[in-house]
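Working notes for the structure below.
The letters A, B and C name the chains in turn, as written, and every chain counts its residues from 1.
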Amino acid sequence: MTALFTDRPGGRTSVRLRRFAGALGRFLGAVVLTYLGLLAVTFFIGRVIPIDPVLAIVGDRAPEHVIQRVREELGLNLPLWKQFVIYLGKVLQGDFGTSVLSSNPVMQDIRRVFPATLELATLGTVIGAGIGIPLGVWAAVRRGGIADQLVRVMALIGYSVPIFWLGLMALVVFYARLGWVGGPGRIDVVYEYTVTPWSGIMLLDTAIAGEWEAFANALSHLILPASLLGYFSMAYISRMTRSFMLNELAQEYIVTARAKGLSESRIIWRHALRNAAVPLVTVVALSYAGLLEGSVLTETVFAWPGLGLYITNSLQNADMNAVLGGTIVVGSVFIGLNLLSDLLYRTLDPRTRAR
Amino acid sequence: MSILLDVQNLKVAFPNRDGDYVEAVRGVSFALGRERLGIVGESGSGKSQTGRAILGLTAPQARVSADRLTFDGIDLLKASPAERRALRGARIGMVLQDPKYSLNPVMNVGNQIVEALQAHRKVGDREAREQALAMLAAVQIDRPARVFDLYPHEVSGGMGQRVMIAMMLIAEPDLLIADEPTSALDVTVQLQVLSILDRLVAERGMGLIFISHDLRLVSSFCDRVLVMYAGRVVEEIAAADLGAAQHAYTRGLLSCLPRLGEHRHPLPVLSRDPEWAR
Amino acid sequence: MTEIVRTETSLRAWLMSDRPQSRRQASLGRLYAGWRTFARNRLAIVGLAIIVALVLVAIFADALAPYSPYQGDLTRTRLLPPSAAHWLGTDDQGRDILSRIIHGSRITLLVVVLVAILAAPIGLLVGTVAGYAGGWIDAALMRVTDIFLAFPRLILALAFVAALGPGIENAVIAIALTSWPPYARIARAETLTVRRADYIAAVELMGASSWRIVFRHIMPLCLASVIVRVTLDMAGIILTAAGLGFLGLGAQPPMPEWGALISNGRLYVLDQWWVAAAPGAAIFIVSLAFNLLGDGLRDALDPKAGS
């Protein structure tokens, strides 16, 4: 019998726990390092910009002693590593500086625009995973069938088409020509002030307020950009689902399940997909993160007032604090999603789970 | 003895890359009652594909044909997929080679056994659990309640294979096909698993097809032996008469077995005659 | 006629020989075998044909373009729909869109080639050194790689461009800075599989320096997988460059960069859709071609990886 089984229960658990804690510790260490790297890169970018922050504040006609004083106030006379430490401290407190464009603290701006992006990317992922996973399963089960061809073609198009162009063309067709959906923006101006922005998520706020007309209007604005993002997510998710499922269906335990006389649907969904779900979690998390990124271009096309539009607007106006703040937030969400997918992976796969 | 399984001229062919079919099983015939039949052959001899064809687990792109393939009077070739599925697990079980791969890694072993039962019997969850625990005890697992909750990677090879046997016997089938059930196990555990299998098959009066490459193991364990070579049965013989085997291939396999005190230099090598594959 | 057939078959026999007489024959034979696998994939051939066509269009842009890409007639040819005179219509400055797309192919090709030239060697070097050196060098290099991989690529490129200032050169640098990490990962994985090989041990015994081993004996082996990955990435590079152009951070007007053309057409898209439609279709076709080519190359060079 295995050592695991014959060991005293107490000893077993503590060894496992220690091993799990070790793995988790290493992983968290990697996360912290990655995060430090992210901040180091943004710090570096902030230093190399050709705009002198002092001159930006005092103007280029200021006398020398004023420039000197502002330099000291900004901590620019300190050694680079000290500046980085100060920068770190500020960022970790959520202080990204003040936006030149809006003259608000960047964090306040981001808090205002982030829910719009969250709403868009979340619905996109729901669409992508909701259709992509069943489609990928179907493609793997009926190899060479319609679904398989569809997954292949969709993935090929998804990897080749510029998202902003597809968005523009979709606007032309579904908004301008057919009039099926609302146009750019999150909601018609008429409804703009009928609901209090409680969560910043339009569908939620209108539903809570019971303003169903506004809800329908918000949905008609949301559905096109969300479907667009959903398409890209679906292309990726369905292709990966297909390949994971093909791998699982070729495993020996599937033969066992068949030999037990289980129904095909139980074999596919309960056995094969349950195993494929382990790597799929990472794929869905990555695609969610990818949508946050895709939202930069999509939000520009659809005039969607989210984080992506905020970053691009700030970029075009050389508002570096806002750009770097936005970059850090998106990077943090990326790292957070990685962390989350790793934790989910551990709970889904008993081989990596602590008991 | 009544005939449980009747196989006449079974052929299994797989398409190759050019679309031609290559026969892996080329006209196998035998009949089986509630007895222990061994099928011996080297890898690629078609012994595993014979077992899978009986269960209806041949890969979908392959072609299966036979003059007769009946189980307890049921024509398996004419049976619908649903009918064949109803037979699998309930009336014909199969134990695969390596529990490391043949158990679902993300489902605890207890639920895998329960599932096998509930696929064929209308049994409540509590009752199914009780039966699964009893079955685990029957394959000589000491603390069934504890093993029930373990995942496949947490059990040893020998215990995994006993779980596999429990899973395949819980619905009380009439025939069990064991495809190299002990080849992946340590030698010390092999005998233990075999004796459990032996006892359960005897107690329940089941038929057994024991597929192996190990002639000695098969001859000590089965009543009758089929020797397969290149997709054909080259010899069928009672295990007791193995010493009097006629076919050159069987004698070749037998002479591979070492005997104490025998001078073995150079080691005998199995010579193959292309005639056998005709 | 028969003479030609005979030389053809004998050439083929020479190439396919399982006992090549020289190193050159062996490598040519290998190339030929790879080409045969590749050529069986029709879609990959289509992809290759499109890319060859793109290269030709870029070279002969001046001769092929029916009008000037920069000069338009604001009074008479502004925002015309597609017609016999202007196959893809004209833009808001009265310029012929087809001519602008034809000239834009040069920019697209330039970006792709420059990014590949910049990013692939970085990735190759980082990956092989990390894989060969092992230990803390490996840990440190891979940590840096992971940090870059953990970043959203487009956003990082945006931040770089913001710091460096908009423009096609800076866009290329930004994309290159964000695209090397996957190559480093691949090169490291390949290095790890060969680093314990006997022939590496043999070169080590002969006293070769680490750099010599990395450059002469390990890098060549990693090249194939990196090239495949770069080809598969080309579409992504084109899309990122176009995205930067669309946001006004890549090529600056009046350069006929395809992404910038879409950005320009965006203003009129609801009424004059063709201004934005045509350059987007061009991006799509070229990206598709690179994807098809990359898939074909991957299948030809590494049959295991195909699905």
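Structural remarks
Note that in this section contacts are C-beta pairs under 8 Å (C-beta built on N, C-alpha and C of every residue); 3 or more make two chains touch, one makes a residue touch a chain.
These numbers come from a predicted model, not from an experiment.
Comparing the centres of all chains, each the average of its CA atoms, the largest separation from chain A belongs to B.
Comparing per-chain C-alpha centres with the mean over every protein C-alpha atom, the closest match is chain A. Computed from the mean C-alpha positions, the centre of chain A lies at a distance of 50 Å from the centre of chain B. Mean C-alpha position of chain A lies 26 Å from that of chain C.
The touching residues of chain A, counted against chain C in their complex, run 30, 33-34, 37-38, 41-42, 45-46, 48-50, 156-157, 159-166, 168-169, 171-172, 175-176, 242-243, 246, 289-290, 292-294, 296-297, 300-301, 311-312, 315-316, 318, 320, 323-324, 326-327, 330-331, 334-335, 338.
Against chain B, the residues of chain A that register as touching in their complex are 1-2, 4-5, 251-253, 255-263, 266, 271, 274-275, 278, 348-351. Of all residues in chain B, those touching chain A in their complex are 55, 57, 85-90, 93-94, 96-98, 101-108, 115-116, 119-120, 147, 150-151, 153-156, 158-159, 164, 167-168, 171. Across the interface of their complex, chain A is touched by residues 143-144, 146-147, 150-156, 158-165, 235-236, 239, 242-243, 246-249, 259, 262, 265-266, 269-270, 273, 276-277, 279-280, 283-284, 287-288, 290-292, 307 of chain C.
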